[in-house]
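So, here come the structures, one by one.
Heads up, the next two complexes both have chain A, just with different partners, chain B and then chain C.
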Partner chain A sequence: MEEIREVVLEYVKNEYMEDQDEELTYDTALISGGFVDSFSMVSLKRFLETRYKISLPDNRATPEAFDTVNKITALVQEFLG
Partner chain B sequence: MHNIGSYNERLNNFSWKIAEDELGYKPGDVINIGWYCSDRICNMGKGEKLALKWEGLGGKAKNYTYNDLRQLSNTIADFLQKLGIKPEERVCLFLDRIPELYIGFVGILKSGAIAQPLFSAFGEDSLHVRMENSGATAIITQKKHLGKVRKIVATLPNLKHVIIVDDNGKNPLQDKEVAFIMDEAKRVEVFESFPTKAESPSVLHYTSGTTGMPKGVKHVHYSLISQYLSSKWVLDLQDDDIYWCTADPGWVTGTSYGIIGAWACGVTQCVNDIGFSADAWYAFIQKHKITVWYSAPTAIRSLMKAGEEVIKNYDLSSLRHLASVGEPLNAEAVIWGEKVFGLPFHDSYWQTETGSIMISNYPGMKIKPGSMGKPFPGITATILDPDTYEPVPTGQAGLIGIKPGWPSMMRMYWNNQEIYDAKFKNGWYIPGDRSYIDGDGYYWFIGRDDDIINTGGHLVSPFEVESALIEHPAVAESAVVAKPDFVNMEVVKAFVCLKPGFIASPELDLEIMNFIRKRLSPLAMPQEIEFVPSLPKTRSGKIMRRILKAQEWGEEIGDTSSLEDD
Partner chain C sequence: MAYSDKIRSIYGSQLQTLKDAGIFKIERYIHSVQDAEIEVEFPPGAPLKKVINVCANNYLGLSSHPDVVKAAHEGLDARGYGMSSVRFICGTQDIHKILEQKVTDFLGTEDTILFPSCMDANAGVFEAILTDEDVMISDRLVHASLIDGIRLCKAMTDSFKHSDMKHLEEKLILHADKRVKLVITDGVYSMDGDTAKLDEMVALCEKYDAMLLVDESHASGFIGKTGRGTHEKCGVMGKIDLITTTFGKGLGGASGGCVSGRKELVELCRQKARPYLFSNTIAPPVVAGVISVLDTLSKTTERRDKLEKNANWWRKSLLEAGFILQPGDTPIVPVMLFDAKLSQDFATDLFKEGVYAIGFFFPVVPQGKARIRTQISAAHEMHHLETALAAFIKVGKKYDILGKTKNEIMAMYGA
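Our next item is the complex of A and B:
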């Protein structure tokens, strides 16, 4: 769980945060906070599927489910079983 | 009572002089959009009225009155002049939706320079091609985006100034960089707006083309006449309205109606610089008691997806008029609006080149869900035969044609007379969209007449994406087409042939997606990549995108006689 959180946090910070001074926490609102737009969310979903060898159905990969690192981690955890 | 009154009466008694008289403009007068959006409203005794209510991340909020807008735009104009920026030089705005973007736009126009807005999610390639083509002298940006600017600054010989609106002094500025903190700058009370005339250039927006790089659409200060009147008659902006245009000023709706129309009408407008969520948007409407809401089908469909339960948590009774633009609004979305807000969305049709709304549904006029509505008074539109460019009978599909001469029509594609001339056929301006008119005079959108992809209301050029794709070391060639999507209407799909030695894999798929996202923008990033051994081509070697697109849309492939190896 902790490892997933760290991986996701690092990936989001490196890939999507333009201002590296911006603080990113496990509960920072990524989608509703405007850090990751809905188009970019597709690449974040693809990253999770590739990295963890899971398949996230579109009806679960919603802006709400992707809104924080913690929520993403819970989603990944659920599909890892 | 709606501003437009009877649509038919307006049609019969129309003259652009209506807008000229209301704005106190006479042919030959000085006309500066920046002045009309700020000083004129103050001169009407509304200096203390709120012009902008802004909200950003983390609960940040700022309010600006029309007097603030006047003084701060003076301050920006004065700053630009003192930097040595001359009239008609291009000044880019590369900012998130922060107050400096809106007020800076007004300040640039007051200085006599041309405002060139750039969508803040653009990657460095998208940024470079647009700045290089325009020969921009200056760019106004923020720390967050400075990294992208720094990567290209050395390749832009005309660029003299990089103005940073939120520099905190922590890191040293580089060559050409200068800090300008709008809210802390000494305000300039009196500034003589540059005496621009009707045909003086005002705004340069770039739009995507099917073949070739993005084109700079040049507008002039006289565009105000169309933008003002359509804001009144289509958006029905009235003095006590609280208005929210959700469009980003990196695109034309965000300037024509997110800045010029709203402030020329003297209304209070709200802006939020946060990402999308149904809760956040409804909370914003409730908090600010928004009355007029101009949004886009993609956003409306996203709200539909979020469901109706969430709406019950908010009091949205302040809303009185809803409108939409960017891509065709499907009938279901119009009906949904009526069901959940008690108000229909009024679809409107126009594009970067037209500068203002051309065809629309009007307050008080019967809406046929799914229809674009009828031409704006003063706009002569028709449907043309795609071969002869002659008008076709009612009900027959063809190309939309608009008779040139309305005030906000583009005056040129920057440095590209040839492509500009090609947009006019047989005395009509051709926007490139197919449609038909029903027996009641309503227009019904069919689709684009080219390969341009309309994703979430933004046009993406397949050529631009393909050009970027082949710069990836693994890509030999590619074809980019639109793929249907419920929320965004269309999204980008790329068919990719790999170079020898590269093997398709999920990792490579992701790498290519991110490559395009960073080079161009998230909008241009393929939402799906299909690795293929070869692409369908004509015998002369031209990629036949239409075959791939037909596959995606489940349509007939059509004539394949010119297909290689058919």
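Our next item is the complex of A and C:
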């Protein structure tokens, strides 16, 4: 769980933050807070599926489910079983 | 009645929210033709004020040029006012086909289709050529009309950091399994005035078997040695799969736009693009005006050369005066003020000094990056630019920002 959280946080920082000094916590609102544009959510989904060898159905990979690192981690955890 | 007090109050409060947030837009009424100097009524009811315009997209100064006006008059007389039809029913005249061929020749592409606007071109192109087996990979700062067009299309979406070629390459690798990969960028970015690295983008698209679409609305007619656009500047003429552009800026300033590129893609737009199928044809006087613009620009680079000289002088003079500019080499010269309120106050004071410019702030530009966006024109004579510069310096001194760093300005105005 802890490891997934760190991996997701690192990915989100590299992928979406223009300024590396910007504060990003496990509960930062990524999509509703304007850090992640909805167009590139798909990269995040593809990254998680490849890295954890899971398949996230479209109806679960919603902007709400992807809105914080903690929520993303919980989703991945669920599909890892 | 259906429009009850309750409904009126819902919309009234939405408008009030915009006003409270300081993002309620107010129009200024212009009583003259579009030119380097215009007569403005602002606020409504105020006496007319003659001001130097540094916020028009009138890059080549053709919006009220006598030759263009004459050509439009002739088009009006010869082909009428309107066609009362979409293109494919009874809205295609000989001059529409002539214009399409002239745009193709000018941009160095295979074929062209006209749209009522570039907004319509961008709204229609993606859905017409892509399916859910494909992916669209767009720069994160592309124009709003591209974003809307992307949203209307069923293909997968992704984006890359602004002008970050390494990030784009990662995305092209990530989506290697897609049937078609379409990379999407502006040629010149309208808020910052920077240009896309089209040479590098073409190389990446060739390496990873992707197509490239470039919106050239702020480039067509004046970027590149003969004004063909960013693809000319970057040495990749003939290698852009799709160009969208407008006739509402440098190319005459009236209205209309197009998709120009690979002939199969253009033909698919003709068959399937909804803004083309369900919206009126471009009016004959406008078509005639744009034809004359392209004829002139194909013969001489005089106007784009003057624009380049004006823009270089303006950029250099503002820097020497101590302003902070967004780096670039286009006629879009953003004067950075960082704070939203300062950008509004600065624009108000410029207007009092006889210069019409607009302050842009969040959400149009990122937080803390408010600016006055100036746009230089070939219609500007040196005396216009010198007067405008004097006004900028006077207002700059009033706010004590000349020669100051970003941090010093932010410390004073709290951005």
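Just so it is clear, the second predicted complex is superposed on the first by the 81 of 81 C-alpha atoms of A that agree within 3 Å, B and C clash if a C-alpha of one lies under 4 Å from a C-alpha of the other, contacts with A are read in each partner's own complex, and residues count from 1 in each chain.
Basically, a contact is a pair of C-beta atoms (placed from the backbone, for glycine too) under 8 Å apart; a residue touches a chain by one contact, two chains touch by 3 or more.
As the structure is a prediction and not an experimental result, all values here were calculated from the model.
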Which holds for A:46: it touches chain B only (first), chain C only (second), both, or neither? both
When the two structures are overlaid on chain A, which partner does A:67 contact: first (chain B), second (chain C), both, or neither? first
Determine, under the contact definition given at the top, whether A:33 touches first (chain B), second (chain C), both, or neither. first
Looking at the overlay, does A:55 come into contact with chain B only (first), chain C only (second), both, or neither? neither
Which superposed partner A:77 touches (first chain B, second chain C, both, neither): neither
Should A:18 be classified as contacting the first partner (chain B), the second (chain C), both, or neither? both
Interface residues of chain A shared between complexes with chain B and chain C: 18, 37-40, 42-43, 46-47
Which residues of chain A touch chain C in their complex? 18, 37-40, 42-43, 46-47
Report the residues of chain B in contact with chain A in the complex, numbered from low to high. 57, 96, 121, 143-145, 147-148, 273-277, 279-280, 302, 455-456, 487, 491, 506-507, 509-510, 513-514, 517, 522-523, 525, 527
Once bound in the complex, which stretches of chain C touch chain A? 138, 140, 147, 150, 156-159, 161-162, 171, 174
In the complex, chain A residues that touch chain B: 15, 18-19, 21-22, 29-40, 42-43, 46-47, 49-50, 63-64, 67
